[in-house]
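To start, I am sharing the structure in question, which I have written as structure tokens.
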């Protein structure tokens, strides 16, 4: 075609070609303004988020005398891991002086089934509400949403009565049910709204493919909802792992969760407060949810429905 | 011709109905049943144990004559407004920052989220320390030579509720961020491309295109935040126990204190009935508008 | 037989004390299953009550003796201990007698008191007064007089933590000290609202006003943080129960040398007989019921009482025990007890409901400098009028 | 074939109505599809074609009416129990599954044996030329590739009725004609019923046993392709089919035998009127560009005229020439190598027997 | 026009490469588009057309090469600074905004005055026939309606270069030809550069100043439509364009002047070879169906043969007839009213000047 006005076609000297300006992929400057702003902001915010953790860690490594005298920000003069050992292994809950370790497995035994059951129920609810609406479903859903606003404490006695009547009071399954009930409003809402934003054609295609209620849920919708499952896991693992009230009200001492120990370590009203042990115990208790966060965070996949539909 | 008539509507979507049984039971037995029970007993003078000893509206008269209850309501409104606005804004901003295909996303996300994992019993104490004028941030800044610096939100009755919000945001925004991030990840890449070609600046793309598309996520978030606000309890207990004086009392704490410390179930139930009533008045019409009728959220 | 015992004694000293009870109980061939729940009665009580009403009761449980368990008893859920008490002649050995009275409902005994805690102490920092250059006060009035000097030296005269029960407790102590034991009983036992609105109580409110002025710079929440201010000399003194002593001990402070204790604020040397008691839910299992009896007896055993209270830092409920190991302050308390200068404490006199309202009132009063003394007294009188 | 294979009614739609809230999309629509028939739905964008397919598939709750498939009333059946396969206009691929998984999903749900699945996938992949893509996810496919996968998903299923919603619209011409042949062959082999939405006329003409032309939720004409093309029942159908489109001349019908407009008069002796009586009054004459003869050939036509070339549009295989007749634009088709230029004088004419006459007011064929 | 309007280079792509991970989609591609030119990209599905558009728009990070728009190196520029408008194959409408908002959003952000916005929207809505839909949200639109909105979004913008990715693929034939004319007129009026992906040959032929035929990320031929159609540079291009497709006959080139296959020999005196020397050896002869004469006309052709009808495919305006030549399928086009039947004997022939000869091994034109 006619010779182009400005840019030179092939055949121009190498030097000339270089003079034509940028070529190839746009370089990513490490110190571009965008990056400085981005990482700068993230860094500053991270500091705000980490400050309390810093204080906790530092405090947990100090001895009590140092805490009594010192500045909360100053690093420990003499690092001691004794508070950690104590929190984990020797802190007393009444007479049982084996620290948090005592309740650890109980907590696991409570958390795993409760998280699984509550997420299972709620995700199915949300799916049914978003894709298989039946008459009256909305009413129950609205009740559920209002239920999210009821303070837990108010429900303690009615639930005691219900559990007593169905004979599950004091058992692990009773507690699992209680967690599922109180997790239901928020989780159901979470899932319902997420499923509702999935392209409807996908659901239709699966129906034509012959998948039924469960088939569509398990094989199409659930795999497409990883991020929201992660959020649900985060919510439930944290909520149930850290739950104290239900764990202690609806079970027996031999199945008390770790938080009862934590509470006992931290909440002694009369007597000496061992701040260092408290801090260590809190961090230790938080480790399990933290690990879950870190692992499941990988499931925050980008563009989860990409390529599914056009338009 | 088999089944030429409309089949019994009861059996349509049978699977969905069967799958919803736990929800239906929870909603009707636990929430409706439990609530009715609570309302019923709020008209009694139950003390330690629920007893059907009706006293009419006495509990309610007393409730509304109690200064602490009035302060609680006022605090809830202030606290609610602050945490709603700021957790939404901060949570979304953080999510948007994390969504920029940055490095160390996992690390940053975990940093913003970890407070959510820590029990408030102790983190409340840490915030109490940090905000303590004698050895917290104020102290440090003054030591740096800024002697007129004053920052003691937890120890000043008039701003204590704002001080409490600082820790509330610290703890709660991580979760909001995750929710928002999940929502952002569901947005089609082509939408971003279209906006880029249209020359819409990033912030406007977020504000006018992406956020409206994330409406369902925002509604979820809103309900989570709002229900958290109404139920706020631990946070206040851990930081101020309602102090100084009664300056940072909240309704849920009133309910709890009167049910279990004061062993006056009737009073606690009356207070929680009032809370629930206001929630119902706000939520139910909205929820029907939002979730009823049309098919898609 | 295994017997589950729930309680909220979880701190170091408390747990050690409970261990003594358990040891003694285990020695009888039974087994003490510990069900400790920390976080004060507010956390623990709903759990205990749920367990009892939910049909899954424990073998025995702690309550503050007084009126907390009244309804459980009335609902027929608790066990009548009268026969055990008669056998053990509790009415004779428990001292002061008022302690056991609190366990009696409709003429039957339902609980076993195990210790006495007293609130009426003013803890002073010797170091602080030395620094301010004023002599150690011998009573509340001198303390108030010394306040300006302390303040000048950059010392908070009186440390009062932010939690509501601290201010409310401080007022009760002032009421018993400034107003005297009679005034205290008239208000709290007889619920004489007119008296509560009267000039005598106005004096107490005046003192409370002094206290709140002296305390206005206390920027801590927990009582032990407040105690710590005294320990480190940052505060002049604190009104707090005998449990504060544990803090001084742990910090290696010596009574008389580093700190000074004034029972009854130095004005009215009385000891209030608040404390803890054990209640026994009604059980179906005969073996367990038997074990409950054994436990009840064990709790009042002299050896157990000594061992328990030494660890707990509280006073035993029987007078016939030997407490040589006790420290100065504790001995002061024992002496007062021996003199019979006791009053019942608020737990025994008023419902939790009234106490909670009182807490709310004083929390507000101490935190709000612009709340007038008159207004506070009026609300106090109203509260007493409505009290049950 | 087509009718030959018909030994009963496969899909029967009776008085079907559908509303989206206040918007009524389908109005008492009736349609009977014989067994083994290939029906093409044609109609302007938004006329309700996809909606109709969705109703047949059971994906939309209808407002009124009944649907029978193979003689069974399926109005209230689940989609999966209707024995249908469907290709969606928006593809609706499962984003988390590879192409292979997308194809096999329905079969796996139905419990088809593994080797059978593999065989069917291999065949569909070959037909659609997507073998190299089998392990990719939809996000890594081009638009046309996605569409092919969507078609494949229907192909692998063994059903009585196939519903296709514009299955070939994003493909290139070559592939499209190949796939068209494949679909035709498939249909011949399987003898199953197919309902096919397209806007491509060639597809419609070559594939269909009968074409249903829709407009605003109503079927305007349902007939064999040639009939629809040559004897459209109304002006809408006439104008909708054919590319380049039919020429329309507004005018008057005089004495039932002459069409008059702006100094032009067309004798209608050879025109086959629909009824027996001869109407008069305002009417529209329609003539397709390819039915207009040009140059010498025009002279032998019952009607001929001359004019000058306005625009020339080359279309590869032919060229479209625009001229004017009675003040109105008129296009006709000439071979591509004919080199005409704007302004050239032209002679053209046509046989009124091949024209269509429509009532100006109602648009119906006269 | 086209070249006439060219007063410089509008878009220039130099040595562009793009990889998705290990998959190389575009390979050192060069393309210069003159100002005001209308370029159509044609190519089989998955050949990289959308990818190329995305690169020009700056929506994909290229792996190598440079892109100039209006003489400015925009390789690293943001999409919005490139002065381009784009219609996406997947529409990418903003789902929460009404159609009107979708159209106006970019303008409002750019600060265009209110009345100007209203004017532009009114015009676009009229062109695209979406006035009644302006207050609806995308979810309540049919496939074609969505596509029109997507086009509208590009139309209202006032840019130098328009990028269209299969903008008309979901529309019905009628609307498509109308819009085609509109786009052409728009182009004539605005004189801006347009790069247009389509698989519709009519669109390509009528709209393009030049067509770029792509295959596997490489441009095979870039030329005026007629050249591409009549003188394809290789067998791929020849086969890709034209519907019905070109007939190919494999055979031998003998003495550089005769094509021989299975007892058929075609004289090539009239064929214009690409080079000066006469090649020999295995080759492929291509002839388009519309270039094959039939019946009487065939007799006068330099090459003619006779056979019998195998299949008859009516396509509305014409009919495609399949017969056999030298054992190979051969199709030709006759008028629709010609009533041929399978088995009928036919006489056909063509002029080798209109055929194309390709090397059997390389596929290149001889």
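The first chain written gets the first letter, and so on, giving A, B, C, D and E; residue counts start at 1 in each chain.
Criterion: a contact is a pair of C-beta atoms (placed from the backbone, for glycine too) under 8 Å apart; a residue touches a chain by one contact, two chains touch by 3 or more.
These figures come from a predicted structure and were not determined experimentally.
Colleague: Find out how few touching-chain steps suffice to connect subunit A with subunit B.
Modeller: Minimum step count, subunit A to subunit B: 1.
Colleague: Farthest chain from subunit E, going by mean C-alpha coordinates, please.
Modeller: Result for the farthest chain: C.
Colleague: Which one of the chains is closest to the middle, using the mean of its C-alpha atoms?
Modeller: The most central chain here turns out to be A.
Colleague: Tell me which has more C-beta contacts between its two chains, B-E or A-C.
Modeller: A-C
Colleague: Using mean C-alpha positions as chain centres, tell me how far subunit C is from subunit D in Å, no decimals.
Modeller: 92
Colleague: Just give me the whole-number Å value for how far the CA centre of subunit A lies from that of subunit E.
Modeller: 52
Colleague: Calculate how many whole Å lie between the centre of subunit B and the centre of subunit D, each centre taken as the average of the chain's C-alpha atoms.
Modeller: So the centroids are 56 Å from each other.
Colleague: Which residues does subunit A have that touch at least 2 chains other than itself?
Modeller: Each of 153, 157, 212, 263, 266-267, 303-306, 309-311 in subunit A touches at least two other chains.
Colleague: By residue number and range, which residues of subunit B touch two or more other chains?
Modeller: Counting only residues that touch two or more other chains, subunit B contributes 12, 188, 213, 256, 259-260, 296.
Colleague: What are the residue numbers in subunit D that touch two or more other chains?
Modeller: Residues 90, 140-141, 143.
Colleague: Where on subunit A is subunit B touching in the complex?
Modeller: 38-39, 41-42, 45-46, 48-53, 55-56, 59, 71-73, 121, 124-125, 127-130, 132-135, 137-138, 140-155, 157-159, 162, 180-181, 184-186, 188-190, 192-194, 196-197, 200, 212-214, 227-228, 230-231, 234-235, 238, 241-242, 259, 262-263, 266-267, 275, 278-279, 281-283, 285-286, 289-290, 293-294, 297-298, 300-306
Colleague: Taking the complex as given, what residues does subunit B use to touch subunit A?
Modeller: 9, 12-13, 15-17, 19-20, 22-24, 26-35, 37-38, 50, 94, 97-98, 100, 102, 106, 108-119, 121-123, 125-127, 129-130, 135-136, 139-140, 170, 174-175, 178-179, 181-183, 185-189, 213, 216-217, 219-220, 223-224, 226-227, 230-231, 233, 252, 255-256, 259-260, 265, 268-269, 272, 275-276, 279-280, 283-284, 287-288, 291-293, 295-297
Colleague: Could you please specify the touching residues of subunit B with respect to subunit C in the complex?
Modeller: Contact set of subunit B toward subunit C: 47-49, 51, 66-68, 128, 132-134, 152, 155, 157, 239-247, 256-264, 267.
Colleague: Please output the residues of subunit E touching subunit B within their complex, sorted ascending.
Modeller: Interface residues on the subunit E side: 54, 57-59, 78-81, 84-86, 88, 90-97, 105-106, 109-110, 139, 153, 157.
Colleague: Flag every residue of subunit E that touches subunit D in the complex, lowest number first.
Modeller: 20, 42-46, 48-51, 89-90, 140-145, 147-148, 165-166, 169-177, 199-202, 205-206, 225-226, 229, 239-245, 288-290, 313-318, 333, 335-337, 354
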